[in-house]
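Listed next: structures, encoded as structure tokens.
Shared between the two complexes below is subunit A, which pairs with subunit B and subunit C, respectively.
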Partner chain A sequence: MKRGKMLLVALGVVVAVIDLLPLALILKQAFTPDKESFAWPPTWLPHQLTAENFRGLQSAIRLDQGLWLSVFVALLTVASSLALALPAAWVAAQRPRLDRPLDAAMIVTRLFPSIALAVPLAALFVHLRLYNNPAGLGLWLAHTLLGIPFAFLILRNGLRSVPLELEEAARLDGASALGTFWRITLPLVRPSLAAAGILVFLVSWDEFAYALLLQVTNRSLPPLLYYLAAFGYPGMASAVAAIMLVPALCIILVLEPALRSGVLSGSGR
Partner chain B sequence: MSPPREAEPIPERSGGQRSWLAAPLLLYLGLFLVYPTLYAVKLAFTDALTGDFPSGANFQLLWHDRLFWRAAAGNIVLPLLSVALELTLGLALAVFLAARFPGRRLLRAVVIVPFALPEIVFLTVMRYVFAPRGYANAALLAAGLGPVDWLLPGRVLTFLTVVAVDAWHVTPVVFLMLLAALSAIPEEISEAAELDGARGIARFAFITLPLLRPALIAAVILRGLDALRVFATPLVLTGVEGVPVLSTYAYHQWSDYGNDGAAAAAATLLALLSVVATLPLLRRRVAA
Partner chain C sequence: MARAEFEAVGKRFGETVALADFTLTADDGELITVLGPSGCGKSTLLRLTAGLETLTHGRIRLDGQRIDDVPPHERNVAMVFQNYALYPHMTVRGNIEFPLRMRGVGTAERRQQAEEVAALLELGSLLERRPAQLSGGQRQRVALARALVRHPALFLLDEPLSNLDARLRLSVRQYIREMQRRLHVTTLYVTHDQTEAMTLGDRIVLIHQGHIQQVDTPVAMYERPANTFVAGFIGSPPMNLLPAEYAAGAVRVGDQQLRLSPELRQKLGQGTRHIHLGVRPEAFTAAQPPDALVGIPAADTAEILGSETLVRARIGDQQVTARLFGVAREIPPRLAAPLAQIHFFDEAGKRID
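And then the complex of A and B:
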């Protein structure tokens, strides 16, 4: 019995090392000079700590522009996804007959391959001046498509759990349907709104394929990272990677319950 | 397993006919999902040189391109291998972390970390791990073994490296789905099995696994559909020719040759493949 436990703990340590290794290597490369990353064999632990890689980013790739673009697009995407999904989710929560087709549309939207849309969108956006748009407006429109299914599923499930009696009581007291929604229902689903907003922010922040195809020179962080790594700057690439981690790791606490309930994997119920 | 929630109809709520509230969302899907898809089909059937429509020129180009056939085959084999590996690892992790031992709670959080990393961040590290002078070869060296070429184009090992990296990143999703199902198995069932003398592997194969079936099926469907549109993993690790799939092939035609027509043709085939693969899932849910 005792030996069995020891074995489990040992296995646990191996699993933990494997799962933490990628994170540890990014941080190590981000905070050590390039010569440690280029050494053979490469160093596993940092010998010399430096913030040089982060300082070099501004002159090498105009970091501020990429950072601003990523944040701006992600925030706009949160706003548009929630605004489009909330009314539809309310209808779906109230009327099962409308929920079925909406639910199916969300599944198709979520599973549609990005590249299959990015190619025609790039061609269409050229005419609308949205292709490679300096403010990332084309990317925003594409990301909204990714955000909608997550926002819809989370909001609909949240709205469903609002007790009918509360709404009915408000209606009997003379509140209009919209008034009831605004003053009774919406405050009750604030946690769902927050969860949906956070998730959609991360979806946009992490997204790579649309960003690569639609922002060919006005790049957001993911394509900047891709090209930095491709052109052989391990230190600066890892520094951008470390910056990209900040919101993701802050939010993992919120994300984990969402994952557990199956929302992120699309099962939704 | 799953509670029969759908069995009893959810009561229609008051609020009258407000179906128009779904209109903005549907309009958006029409403008940015349906219309571009139709436009891609039109591009795919338009001859880029002569402007003829309809024309099979783009599909003819694909037919005679060896890279396209490698991409089409890769788009079948890569998802199959990835899903098989992820399911195996996810199940092993779920069973392991359902056991009681010190540090289990912490480990459950640690196991999620790879998936919490943005995809491009994870893939960038993997590039350094599997580079010729990377960390994987350094580990082999320390173990007294020679270096391995993990990512040379067109080799089986390269394929397996891409599968392993994909599994490393997304196994946590499968793990969470299976762990939830595993925790939902009532204690009495395990106890009854124990009393009946079912132990170890027999208990796992005849009691646990059948009870996990719905969760396993759900994981296969969702991961499989995700894996069909794999893009960044092969692109970042091997470029467009190392382990080609349909999406990297479309990207290659679009970005390296500026051939919108051929890119749209490959993209349309991928979209068709995805939608057809989604149909069983839709039918399950509508029937539910």
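And then the complex of A and C:
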């Protein structure tokens, strides 16, 4: 028993090291000059620390605009995906017979590579003034398409775990159908909402294909990072990557308590 | 408070008949236990009454007013679910106040009424807790409080004790009975446990496969079961049921023959009939009355339970269970059940007397 636990801890450490190694490398490159990044054999510990990569970003890629666009589009995408998926998931949760066709429909949207869809979408968006939209509204629509299946599947499972008796009890207590949903069901699926929110945020946050093809002069962070890396600035690219980690960590930290709150315990027995 | 009338109430799910022609009148303040094996339709009855299912046919009236065509919250019926269905994200207070809030009762009055019911159910000190922080018995009381707070005319309880441990069950059972008497609220109490049904009910409705088998007081149901199903269901250990042959004014079981009373003979008629005899385990005694069915105890089968001793005995080629009072250290060689205590059922299982 004790031995098994030690083995488990050891395994955990190995996994953590493998997971954290790229992260360490990103941070090291972000805070050291480029010549150290290109050095061979590679050095694992930074020799000379600098904030130069971060300072150069504003003039090189107009960081503030890119950051703003990425955050704005991701938050809008979370809101729209959850708002659209929630009613659908509520209906679907009560109809297990629809699971197969709905699952199939959700997977179909993922069958087409987004890089292929982005081109006709861009052509369409030109007419709707959504192409290269200054507020990224075209990108938001595209990301919502990506976000809905994730949100739908997570919310449907969450809604299904709410015991039917709770909703029946609320009905007997005099709540309307909408009132029951708002006062009973919704508070009980908070963990699922949080999980769906985190996932959809991350889907939009590091989406690349649409971001590359639907925005031209006003780009979100992933294509900007790509340009810096492609044109030989690993330090600045790593600096963007480091910056991209921050909001992702923030949203996980904000929503994580909701994820853990076993709200359903205590209804029965 | 109210009188509940069920008039040929029926429910079908596709081809399956869940409840057939259920007719019953529950008097004001009466506690009726609805008893039956699982899947017999008793929970369907509650759900129909609460409005969670719609009737296939029939009427339900509360104080003369039809309620089966009215939405659930307008029926003045409250239900306690088998697993309590407490709202886990609300405090005990929030749970109890919820039905009042949904009816637009003002904050101050809501508070007062919730605290009154909470005091009645000894929940006063738990009002700010959440259901997850309560024991099973406390959750049960919160569920009762939430149902009682709006003073329902009809109170529905769905197996309220099934999730409690055996010790708690006894005290909660008495508690529910006292509460119901004090509030004088008409109650339907669904259970599959005959002890609960016997001890709690003013009357029992026994249902089997969607059909009412008998409606009677607990004692009447025990003493005069309407058919072999009731006979086998009420009483523990159950009544012994023995196939027997009736011919020429007497019944024959194995090699024993019993002469019947003129009344019974008249009911059974002339010809030969296959009937059933019902003998309660406690009908057997060591005494030897003249007209009696005699069982021969098998060796080493006595189960001494302290307050009683169960003995297996043979009558012809059939085995019966006899029940002797107290600790029976010596099993008598013959156990006899007097004719007066034997129940008679016809070929179809219907009572004859």
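Here is the rule we go by: the second predicted complex is superposed on the first by the 213 of 269 C-alpha atoms of A that agree within 3 Å, B and C clash if a C-alpha of one lies under 4 Å from a C-alpha of the other, contacts with A are read in each partner's own complex, and residues count from 1 in each chain.
We adopt the following convention: contacts are C-beta pairs under 8 Å (C-beta built on N, C-alpha and C of every residue); 3 or more make two chains touch, one makes a residue touch a chain.
From a predicted model like this one, the values you see are computed outputs, not experimental measurements.
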| item | value |
| --- | --- |
| First (subunit B), second (subunit C), both or neither touched by A:Leu249 | first |
| Touching partner for A:Val91 - first (subunit B), second (subunit C), both, neither | first |
| Subunit B versus subunit C as contact partner of A:Ala51, first or second or both or neither | neither |
| First, second, both or neither for A:Thr109, with subunit B first and subunit C second | first |
| First (subunit B), second (subunit C), both or neither touched by A:Val126 | neither |
| Touched partner set for A:Gly179, first subunit B, second subunit C, both or neither | second |
| Contacts of A:Glu168 with subunit B and subunit C, given as first, second, both or neither | both |
| Per-residue contact with subunit A, leading partner among subunit C and subunit B | B |
| Subunit B and subunit C footprints on subunit A, overlapping residues | 168, 171, 262, 264-267, 269 |
| Sites on subunit C touched by subunit A in the complex | 50-52, 72-73, 77-79, 81, 83-89, 98-99, 102-103, 130-134, 136, 139, 146, 163 |
| In the complex with subunit C, residue positions of subunit A that touch it | 163, 165-166, 168-175, 179, 184, 187-188, 262-269 |
| For the subunit A and subunit B complex, residues of the former touching the latter | 5, 8-9, 11-12, 15-16, 18-23, 25-26, 29, 37-38, 40-42, 44, 83-85, 87-88, 90-96, 98, 100, 102-105, 107-109, 111-117, 119-124, 141-142, 144-145, 148, 152, 160, 164, 167-168, 171, 177, 205-206, 208-209, 212-213, 222, 225-226, 229, 234, 237-238, 241, 244-245, 248-249, 252, 255-256, 259-260, 262, 264-267, 269 |
| Subunit B residues within the subunit A interface of the complex | 5, 9-16, 18-19, 21-22, 24-26, 28-29, 32-33, 36-37, 39-40, 43, 93, 96, 99, 101-104, 107, 109-114, 116-122, 124-129, 133-135, 137-138, 141-142, 168, 172-173, 176-177, 180, 218-219, 222, 225-226, 228-229, 231-232, 236, 246-247, 250-251, 254-255, 260, 263-264, 267-268, 270-271, 274-275, 278, 281-282, 285-286 |
